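Next up is a structure, given as structure tokens.
When the chains are written out, they are named A, B, C and D in that same order, and each has its own residue count from 1.
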Amino acid sequence: MGKHVVVIGGGVAGLEVAGQLSKVGIQVSLIEKDSKTGGNLNKWYKLFPDRRKSSEVKEYLNGITANDGINLMTNTSIEMFNRHRDHFSIITSGGRELIADAIIVATGFDLFKSARKEEYGYGIYDNVITSADLEEMFSRGEISLINNTIPEKIGIIHCVGSRDEKVGNFYCSKLCCVTAVKQAIEIREFLPESKVFCFYMDMRMGGVFYEELYREAQEQWGVSFIRGKVSEVSETIDNQLLIKVEDTLAGRPLKMKFDLLVLMAGMEMSEGGRKIAGIGGLRTGENRFFAANDNHFGSNISNIEGVFYAGTCTAPMNITETISHARAAVIEVIDYLKDSN
Amino acid sequence: MDKFGFTISEGRQIDYESNDRRIAEYIFDREPSFRLCIECGGCSATCTTGNFTDFSLRELNILIKRGENEQVREKLKKCMLCGKCNLVCPRGVNTRNIVVLAKKAFQKSDEYAI
Amino acid sequence: MILAGKKAVWKDYQKEIAEDKYYYVRSCVRQNFFPGSETAFLKIMREELDKDVYENPCHTSCTGICYHSDIVPVETTMTVVARQFALMTEAGYENLMPSCITSFGLYTEILDTWHHFPEIEEKVRRQLKKATGREFKKPKNLAHASDVIFKFRKEIGAKAKYKLINKETGKPLKVVDHIGCHYAKMFPSKGVGGAEYPYVLTGMIEEWGGQIIDYPERRHCCGFGFRQYLVQANRGFSVACSKEKFESMRPFKPDMIITNCPGCPMFLDRWQYVINEMEGKRYGQNGEGIPVFTYEEVAGLVLGYDPWELGLQMHQTDCEPVLNKIGIDYSPEDKYNLDISPSYSKKHNLINV
Amino acid sequence: MQFDPFVIPFNIGLYFILIYVVTRSVIWFHDLSKPDKLRLQRGFFGLAFGLSLKEIFMESLIHRKILKTNLRLGYMHMSLAFGWFLLILFGTIEADIFGAKHLNAPYKAIFFRFFNPDHGRMGFEAAYGFLMDLILAFILSGLVLAVTKRFYSKVVGMKKTTRLKITDKIALTSLWLIFPSRLLAESFTSGAYGTGSFLTGSLGSWLATFLPAQQMAYPFWWLYSISLGTFFILLPITRYMHIPTELFLIFMRNSGIKTGDQAGTYSEVQTYSCSSCGICIDACQLNFSAGITNIQSAYLMKAIRNNDDVSGIADNCLMCGRCDQNCPVGIELSPLRMIQRRGGEAVYDIRNIYKGYFRSRQTIVSEKAIGSLNYNFLPEPDQKKADILYFAGCMTHLTPTIKNSMIKILDASGVKYNFMDEQGGVCCGRPLMLAGLDKEARELINFNSQMIWKSGAHTFVTSCPICYKVFKESYYLDVEVLHHTQFIKRLIDEGSVKMNFLHKKVVYHSPCELGRGSGIFDEPKDVLNHVSRLEKCNFEDENSLCCGGSLANMKISSQNKKKIAFDAVNELTKNTPDILATACPLCKKTFSAVTETRVADISEIVAEALIIKPLKKISGSNITSIKELANI
């Protein structure tokens, strides 16, 4: 067809879109701001609910994008793009101009900056870490505290930056619950002597095999789940973390000490995405993610003709959903390119 | 000592670290399904005793787990062991055994105390 | 504790504090419980820092205590506050500097309310005009007196005669800072360092040689909480709050407590006595109690003011252990020799109305 | 005087065990309650004695019941027990007739061949020798089976064999050695003297061809004596104590003694009567469906004998009663288990001991509260007057179709009744009793009893077999207690209700508490036959299965419950019935969860078939419901 599509973002959605488009013979330029593709997937060691290694998914994505039809541009971001009558002109950070028939935005998400929840002391207390930090520990194969001792009691705080009016995020990131359950199990696997407690507001186990994983965590791994939003964290004299929470089911406030606290950071519109929205005039919703044209049958379509969305730049999604959403975007693009002929 | 017309209030906070959770451990060891409770309250809703009193197995489960044993001790006696809770539980928690074990554990802790 | 992380938070909560020309409003509670504090503050501002501080004797209570006790309706409170602003406007000042944390919180709250609901401001203006014939301008800068001391902590440090260092061991004194709840918990952006890790007192202590300790219950209320204390039946709750804090700070072995709110030093100080009377429990090293100071008193002490001039004899928990640790020169026999105080004050021109 | 030192071990063993058994029986008798002593005395001079002798012969020697359940296992037990008995009997006769003198010491009969090596060369003597060899061969054939069973239990048609402790192993070894050593001792002696019949004679003369028979015989006589002596001495601390104890058991049982609520002579006699044959293990659904193999009654009996901690075993049981039903010795296993559950905490309840002893229950004193109350929150019992009380029971409230069906039937029958727990009642107390908490149960029983008394009802109908059992057995009410199947049967017989015949294929599952527990097998089937095509199935009446949902098991996991239910349903629905009928809300609920087949309570089927009389228009009234109509 001789068409050219620019895909912005080389994460799961971007790679899937690029791979699928090049399969049908469309020329693709894939723009990635980092030095390598993979996006947030690179931070994760194993995936829920089956705890397969994230590298397997990366292998798959690398496989479908190992294609001559894809022009991969790393360390590149978009400075500007303009819509002309039937094409777009895009200026990259390198000063290059790309002419594209369509654009797919796959800028993904950023993890909520946990330091914004000051009361949890991320970046202030020695042993408060985020889910991503924990994944890195898993990758390294060791879970240890700042002073190189092994934690015995680990707390996991759900909903950090999600469903929280105080940080301006009303929405549910929907994957942190199952991530917490997965990580709790992994901690217990790594440290069989440890005790793990999850503090949740609601257990949102809406995905396939999520509930089963939750049950496994309770039954097999003895993970305790306490319903209540942690209100504050402080450090004790022996460098433990004291949390205050209401055990809402007992109807009583509760205090508890931990060696390590893991914050389940939620998902937010990525910085890159915000930038694109600004320069391209793309509409965003109240949740700051890109607003799709229609929530039911136009979730890939933007307010600008020829610009499409794929993946978590529109809402929190797991990898399965991201890939499905990316494939749906491919269909929309092909449809669009056909019509514009 | 009511010297000033008031007394120093006792905290309501559950102090997890200083609470005695041996009763909970005793039950965990013998009835692993104790861990499976998701606090749905199905047991309390159908409870024969709950029809007459504020007895709630869900609440007792949680208080035992937190080591708030003194609140449990007396309430536990009210259970009639009829087993409706067992049938209702969506997680297959062996609720009756938990009650029986808790009773035993309290009995044992009393013996040790003497 | 990662200091860099804390500093990053402090960076986010910087506030504008006026350089000079302050309109000072006193605190109802403070001038009764610790009258030396405000006197010392004025002396420091005027004599040590050479600032223009204006005080108006027509100034009244802000009604904060009654407002927080649900006795005075908010509109009345706003009108009273508007009158304070009018006094300031009439005196030609723009930088409001309350001594009381509750006043500071209340002014902040009212200004914020007016910002969001201008019609309320208009209504209050009308009411004030009708009642008193006065008009007002909103303050250009609103800073608590402790903010101002914080701003000039380095200058005070430079003039200091003593440092908050244990003379015997050479180690910094371990200081607990307690920030009044109304300082930043309602409007974190209006407090130096925010609400979670406030910097206002920490900055002073670190500048003057002491070391701040972070104990788990540092965010907890002192127990005043207005209604808890004012209703006698609730006082057990008030004292329990203080006790919670003492129990939490105990393992850190603090040498002293510094506060920036009028009520907190009162409760942290007096409740130590009450807890001892009721439960026989003593805090502090050797059961001497943990001395509680206002930030003005601490500033006065490092500047070398006489402890009895600062009114430290008014404290229920003896402050001598700290004076001895620092090595302050004072005469123990003059502690309750109150006769000297008025003449002493006059001589030193401390009371300046 | 015929004597040789080798008889000493045997003599020591024999006199030890004789003295032990006599002493033990004196203590046992002494510990019996007064009524039980009377029963025993009456039994001794009455019919019970004869019956016991017959039973001892049939069960202890022939092992008729085991033969019925398992031919090979029965043969094994019979050959050893009956064979040994015959050996002793005919040996004694032999010693008496052919020995040096009459009325010999017991060892003379046992070691007859040693002291009379020349005996049995001709005529009648030889024929008698043939008989003795035949008996020995009979025993040895059983022994071969026993040895094989120990190492490969399937040979005797059993899935499991009981595990042994060390003294049991020694006793077992000495038991096994008794008969081979006798065989060899007799054979060598016969070989040396050229006597003996087809077994000992042939073996002896063959052995004598290459061995010095005279010298070889003596050590085997020693071995024979030592084996016997060891076995006798170990008897009281091993399972073989069942051999003498069983005789007492049979006699006590025939005299009308029952297990009761507390440990005592009878429970001890029963415990020692268990031979660990393992039939209960095979019958147990926890074994064959859930793979739980350490809690069966044989293990419980063993643990009690060994003074082990039994709580783990005692609580992990469905109390379905299948083992009671299958026990060849007739031990009341479930009541014994209940004693363990009570853990000595049984209320000393005079009624339970005298139960069945007094002719009239009316002489029993009324209920009194015991100790501090657990359930003092219960309201003041209050009940409207009615002829018939209907009590659904806790579980039935979770299966409202049963409840509604019963109401429909009751309404249609026109009887005057009250629904006692319409708004949710108080538990019957049986679940507490099953957990061994009799004291607590008694409080609930008192409460419900008062409710029933206040109603003045003459008939009490319940839908739950668990309730039925406790109301029937532990309430001592002057009220007729009926399960709803019995009640429906009565309504049908009286013609109070009329039904259509449903052309449906139905299989009936007999609930444990109703069937084996309370002996109600026929009424439910009669009712079902009346309204549907009731089919036979492999697990009927006494042999019926447990659904797995039993409240009696405190320990079992929900997964294992499901496995039991699943296996049971599979058996019951082999012939693809339209409806799997049961008469217990718990069975219904448990089965429904694991099968596609419709599971229904009998009351539901009856309600479905019910012909409801058309409402007659009564002038001047606006009666709309059957209930109101029935009340007119």
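Assorted remarks:
By definition in this document, a contact is a pair of C-beta atoms (placed from the backbone, for glycine too) under 8 Å apart; a residue touches a chain by one contact, two chains touch by 3 or more.
No experiment lies behind these values; they were computed from the predicted model shown.
Of all chains present, the one whose mean CA position sits nearest the global mean of protein CA atoms is B. One simple way to say how far apart two chains are is to compare their mean CA positions; for chain A and chain B this gives 40 Å. Per-chain Cα centroids separate chain C from chain D by 83 Å. Between the CA-based centres of chain B and chain D the separation comes to 37 Å, rounded to the whole angstrom. Put simply, the C-alpha centre of chain A and that of chain D have 64 angstrom between them. Among all residues of chain A, none touch two or more other chains. By the definition given earlier, chain contacts exist for A-B, A-C, B-C, B-D. Partner chain B is touched in their complex by these residues of chain C: 232-237, 239-240, 243-244, 274-275, 277-279. Considering their complex, residues 115, 118-119, 121-126, 232, 234-237, 242 of chain A touch chain C. Against chain D, the residues of chain B that register as touching in their complex are 31, 33, 46, 48-49, 51-53, 77-78, 80-84, 86-88, 92, 94, 96-97, 100. Across the complex, chain B meets chain C through its residues 1, 3-11. Chain C makes touch with chain A in their complex at residues 1-2, 4-6, 8-9, 194, 196-197, 214-219, 251-252.
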